[in-house]
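Note that the chains take the letters A, B, C and D in the order they are written out, and that residue 1 is the start of every chain.
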Amino acid sequence: MISNDLAELHEECGVFGIYGDPNAARLTYYGLHALQHRGQEAAGICVKRHHLHIHKGEGLVTEVFSADKIDELAGDAAIGHVRYSTAGGGGILNVQPFLFKTLDGDMGICHNGNLVNANVLKRKLEDQGSIFNSQSDTEVLGHLIKRNYGHFIDRLCASLRELDGAFAFLVLLESGLYAARDKYGLRPLSIGQLPSGAYVLASETCAFDIIGAKFVRDVLPGEVIRIRKGEIKSCFYTRSPKDVSDHLCAMEYIYFSRPDSNLEGINVHAARKRAGKVLFEESPAEADVVIGVPDSSLSAATGYAEASGIPYEMGLIKNKYVGRTFIQPTQELRELGVRMKLSAVHSIVQGKRVVMVDDSIVRGTTSKRIVALLKEAGATEVHVRIASPAIKFPCFYGVDTSTLEELISHRMDVDALCDYIQADSLAFISVEGLSKSVRGENGDALCCSCFTGDYVTKLYDSFDKANKDRK
Amino acid sequence: MISNDLAELHEECGVFGIYGDPNAARLTYYGLHALQHRGQEAAGICVKRHHLHIHKGEGLVTEVFSADKIDELAGDAAIGHVRYSTAGGGGILNVQPFLFKTLDGDMGICHNGNLVNANVLKRKLEDQGSIFNSQSDTEVLGHLIKRNYGHFIDRLCASLRELDGAFAFLVLLESGLYAARDKYGLRPLSIGQLPSGAYVLASETCAFDIIGAKFVRDVLPGEVIRIRKGEIKSCFYTRSPKDVSDHLCAMEYIYFSRPDSNLEGINVHAARKRAGKVLFEESPAEADVVIGVPDSSLSAATGYAEASGIPYEMGLIKNKYVGRTFIQPTQELRELGVRMKLSAVHSIVQGKRVVMVDDSIVRGTTSKRIVALLKEAGATEVHVRIASPAIKFPCFYGVDTSTLEELISHRMDVDALCDYIQADSLAFISVEGLSKSVRGENGDALCCSCFTGDYVTKLYDSFDKANKDRK
Amino acid sequence: MISNDLAELHEECGVFGIYGDPNAARLTYYGLHALQHRGQEAAGICVKRHHLHIHKGEGLVTEVFSADKIDELAGDAAIGHVRYSTAGGGGILNVQPFLFKTLDGDMGICHNGNLVNANVLKRKLEDQGSIFNSQSDTEVLGHLIKRNYGHFIDRLCASLRELDGAFAFLVLLESGLYAARDKYGLRPLSIGQLPSGAYVLASETCAFDIIGAKFVRDVLPGEVIRIRKGEIKSCFYTRSPKDVSDHLCAMEYIYFSRPDSNLEGINVHAARKRAGKVLFEESPAEADVVIGVPDSSLSAATGYAEASGIPYEMGLIKNKYVGRTFIQPTQELRELGVRMKLSAVHSIVQGKRVVMVDDSIVRGTTSKRIVALLKEAGATEVHVRIASPAIKFPCFYGVDTSTLEELISHRMDVDALCDYIQADSLAFISVEGLSKSVRGENGDALCCSCFTGDYVTKLYDSFDKANKDRK
Amino acid sequence: MISNDLAELHEECGVFGIYGDPNAARLTYYGLHALQHRGQEAAGICVKRHHLHIHKGEGLVTEVFSADKIDELAGDAAIGHVRYSTAGGGGILNVQPFLFKTLDGDMGICHNGNLVNANVLKRKLEDQGSIFNSQSDTEVLGHLIKRNYGHFIDRLCASLRELDGAFAFLVLLESGLYAARDKYGLRPLSIGQLPSGAYVLASETCAFDIIGAKFVRDVLPGEVIRIRKGEIKSCFYTRSPKDVSDHLCAMEYIYFSRPDSNLEGINVHAARKRAGKVLFEESPAEADVVIGVPDSSLSAATGYAEASGIPYEMGLIKNKYVGRTFIQPTQELRELGVRMKLSAVHSIVQGKRVVMVDDSIVRGTTSKRIVALLKEAGATEVHVRIASPAIKFPCFYGVDTSTLEELISHRMDVDALCDYIQADSLAFISVEGLSKSVRGENGDALCCSCFTGDYVTKLYDSFDKANKDRK
């Protein structure tokens, strides 16, 4: 769940907002800490105290913020952001929230997701004289709002209508906190409430538990929320309810979110456990032990174990090396067998037929490495079971899945891949199986674009850009 | 397993040693990292490069050592130490290893355990003119060696015979690496070997896996090992084999050690899982879910779940706030319900009868807090099952169990304690059940002093000192 | 010279640029280090390596940049900035250089000075849809350039013509380095050349000495310079040579610049020494010793001593506490006489009539404190001589001189001020005396606005803004 | 004065002590800060609060101590130490003060100076079973005190009688603060008093000024002082007054001490200025400007200027790069002329005949470099005048002067050295001239061992050891 070098997929962001509590910055700090798994590269908090004030930097939440910094951020409303990627370069310039200082007042914006028409909009805005300080999509919303007229809510809705893609936006003004979720429902965003009555917003509900807030409801696809003086108002930015669908990212359930979060009312751990059960039903294996790859596959592995009756054991241990100060082994030491990330537990694995449950395969190198680790530790057979369908297409909605070329399932079918990772058998859950696990038989469709290639939105120049930026 | 504010028991140390590898300091760094759960307050490495060189400091291994510092510690043999406690004060002075500079050459010493006759020996040595720079027991061994005569091995054995209590010592000279384990076998110490042939020593075998070393054997109770130029020699410091017993600390199995370590050939996770099974057999409960308190109780909880057929769920999530830079909630926020350490997962717990499996109860406050957390999250019943017997007596062998007064099981029987923590039922595993879980029906006796009050050694003035030092 | 708590005046910035050297970032680091006295609050470097890359942060140059960060900033051209003030709030947002990412390419800008019509321009630009990320004047230039058309040099000149006030700008493109100096010559900017032929630009020539560059010439008032592939091109942004004057800030000579810098060909130390001589001629004193207030008054004090024949002594010592980590004395300790900043040397001062030479009086509190210090140390008389005229008006050209109300010479004449600081006599150098000291009998006029209130430019809303922002 | 890479001589230590003030640690922090020029490698403070508590580390005072650390060191008496050298290796182990924990109570010791018979004593103590944790001489005193019997003052005096060499010791017990100065008076130590009546001790009086303490008197050669409850008692450790002499290190006056300190009642700046005057009288030069090498030669240079009537100018500027985080120029950049430490001011030096006044020549490389710098900047002649006699012999009393071989004046006479550094003339002050400058015509003899080779003490094995340790 906490991504590190093992991780091959990266969510780009988590957002948190609060309005009407004197400890706004400190509660945002805790909220962002609970969302840390959604982005470890940078963090920022923008607080309202008459005007808006900001502090942001590269690193973990605990590295960017000291107690002194939090104390300086006194105020009664705040938005915060954790960010995975510094992709696009520019370091601190791309760290969110963004704070726009205008002669009419201050505006802070942060964003989880990815706009597919950002470049189209940027070109148009630059042609009109706008100038951008970052490569971030997020800045585009600020410029659109600035160039629209009327009441703020109208300017915001008009601007959102110009955007296409995946987003959960928080916008902080001196006069209120706004939140918006894209009309496809691709990225999650939930509303909670503190005992004091103050409202909070977060990408995942686990951020509510840490601060003692109660879950109220999810922001709906296409909905815009305004929080001011303890009351919530709601409208939809879309022209018609027919424009709205519900395609929450399937990988939020299987990979990104924390097991204790609920997405659209469904507990993530429970969904994963059901996926493990379905995975067993679809692809049973004769084996002695079920082992999950830590951390995000443990729920699915227990589901597989319960359904199969094969005992679940902790056969792989992740070493908890924390932070960028950890001294990595030299190439020489790596060749000599020094392994930092995972250890296989010999006494559990030795002489056993193992079902190894993992959440996904992206490039295939990690799976190959873990199979080898288990066999070196004495496993007689390793049957790999993956709790997500094969990822064959890139994501343009805020997940960093690499280019087509790098996706091994784009190049190989299951049999070839099984050979490549040197497993004794390999199976992925089916798209239907995953949908059923998450939402039951009659659930809405999840976004499964990266498995099927059927994208929820138009793609504009995203395909080209994704492949070009990699070079 | 990684102790933090949830932990009420603390192991005081972990040791690691290596002889005959050009990457000695770096491998020791990785070894100590794997042993970090045994002590997070301070760390040190002493390396041999002609003379001995040392670096040590307060903090985690990754905080004390930078890549530059490790590079400065070039050499082909090393000993290292992680330390929990700065008890006794003095900060950096008590951090190990100790490096003694004598006109005859250098000697580095580090130590896991606690001597029960340290004060008796210190008084005698001071009367003879010795002067101590720390409150550590460990320094005593250095002084005794200095005052004995003959070959080094004879001086070491003569000195060890004067010591009483629990210890695993590593002693590094310019001419070899020595290791010794107390004659009761109270503290663990294992021997491993790298592919290059170099030998390593560690408190737990998990430190071997990370560096690609193979387990060779445990150091035996009363044994002294000398490693030099790729060969091991062994002798016993005791006068007779009859002086030797095998009383490894029971809490090493149930609490301190990492689940992937093997102690005396027994995998810790497997032992814990068996304890969970026995715990169910001894104290079944009618319930809907089994939940383990993270991290060290997860193995026992899966054992309980498998034996009972009740599903195992992740109903409690530990927030991974790392390091001393985390900003703690103010008293005001704590009262408002901000909870940093554990979150209960509402969707799993709500409306359920819960079996909550934990590894131990010391002061009772943590258990009380977790029961409350589960009930607030909607649990209808909470049945607490503890995978260790009730701790009624202090430990004098290197575990920081507090004074008699602080041990709640010294003051209350099980019923009273069940009321105090507001559980619906409470049961501890029996001493016999624990022994059987760990070592099978005919196993040697573990050290169960803290459960039974039958101490393995004489106590000298330890009882008085323990209670006085607390004040 | 190095400002600290003693300092009552603050220059806001120093700039450095280089084009065509493979060590661009590292040389900029050294250049900024030499300019550190011009700004200690923040620093940044923007480097060209195909695109532009940036790193900036709050703190001293040595705090903001590590060797790793400099190595990451590989490239062959760079601009850098040190900044005094975080006035206006926003912390990191206002740190320069600014990097603008446009679809046409990147543009980095940094700036020493202050625009008097910034707000007028911002309002106009916002009305046209621009959005600002900082309170900095510097961003305005970026927006103007973006909104002009044609060759870059034409866009730059057209934009500069819209600006009024004091500035020395550096603008880095992927295709060249541009520099511009305001048409009044208020802020200094010099050109140097490395042995390799690469050109460098800096606010002060002391930045050339540290990197082994030779002084070439000053950028002229109203001049725009383009550096590309080792050659310099020059033009003037003003419509006519008559628009150009030469009013370099007088306080650059007497206070801000390093004594080893040359401004318009005149050595700063030598100018200060001449000012000390003139000060004696205008206001002699009968005394036993001449003492300078460290650091910036030492040159003037030796001038006064030489002219008067009274011996110069080190009667005041500045304690070199460096950085923000220094632990300040508590109020209690301050009252008990703990004095961190200056010590009077008893053995030098005791029983003596002292001439105390200082560079300026702003609020008067520091002077009062130093007179008291000297008297406590046994001085029988203290004659204060100030090497600048009385500062009676605020500066709007980049010096942070506070509001009218805070300027004690705005409220008091010399006699009243002499009483206030409890000196035995007090004299300031005359405006004519200072001009003569700096530039000789027939020199051009310096900018003496803060002494005379005759401002070199229109003021727009600066007066109101300066007083409002203080509140 | 603040030593850095320019410095070729290093004092090893400064000490500070205080008894009977509730802000003991904080005042010690300020005192050590004022003594920072005497040692920049490490610092420590030991405080009395019932027992003794300590914090020490490598780095500047401001780096070793945070406000939190000082707050933890609550107590009413303290000793502190700054240390230049980590020579002898062992890093933190050799940092002072030393804290000895004995069953009879705690004892803290720190020390400025060097014992010439330390090895003789260590050998003897080790033969009796003592064990040393450092290579420091200082530990020896602790062991001797431990092995003597009777009242503490008797044990201390008996121990001091066994020591030979240079020392200023501070010893802190739970019951009082003791200070001792060697019988030759080689190292300075002064007594001061705070307005509250609490006594303080410091290597230099500049530490009194910063905390508002008044100078009381110097500790006398051979004297032992006890401070307890606001009263001072005094005795002599020597058997007879005839054993005592007064040979304060000459280099304390000319090089180590801060100009605002008084040593034995003589102001350091004034002594240096007189040395400059004598230097002119002994070795006049025809020249246009007098330039001092910053920082410690500025006083002598003004003396030379006043005596000669040649104007004193700031022709050399030291760049104030602070701390170990400064990024040094690569070899390539150094060759390209990047010079970090000193800049010559072209406009002052060009076309001038320069008298360059420096305080000492050790290896000659720095002088050679500065002469070259001045000539490159256009000086037509450079006449070097040195305010100390030629250093021909190593110091064994606490100054790190290197081996015989490294002392260029041991190998070359003045003419050869003048050629080597490429000066137009070179002269050193005479030993008599220096003595007269410092103490007047009839003053006691200073320790001039490093100039004359007439050592004040026996040398034991110091000569051999000094040369061996270098290898």
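Odds and ends about this structure:
As a convention for this text, contacts are C-beta pairs under 8 Å (C-beta built on N, C-alpha and C of every residue); 3 or more make two chains touch, one makes a residue touch a chain.
Note that the structure is a prediction, hence the values are computed from the model and not measured.
Contact with both chain A and chain D is made by B, C.
Comparing mean CA positions across the assembly, the chain most remote from chain A is D.
Taking the mean of the C-alpha atoms as each chain's centre, chain C and chain D sit 37 Å apart. For this pair, chain A with chain C, the centres built from the Cα atoms lie 47 Å apart. In whole angstrom, the spacing between the mean C-alpha positions of chain B and chain C is 60.
Here, these are the chain pairs in contact: A-B, A-C, B-D, C-D. The touching residues of chain C, counted against chain D in their complex, run 2, 23, 26-27, 29-30, 33-34, 36, 60, 62-63, 65-67, 70, 194-196, 206, 209-212, 215, 258-260, 262, 266-267, 269-270, 273, 298-299, 302, 306, 311-314, 317, 319-323, 325-327, 329-330, 332-333, 336-340, 343-348.
Taken together, the chain D residues at the contact with chain B in this complex read 51, 53-57, 89-93, 98-104, 122-123, 126, 128-135, 142-143, 146-147.
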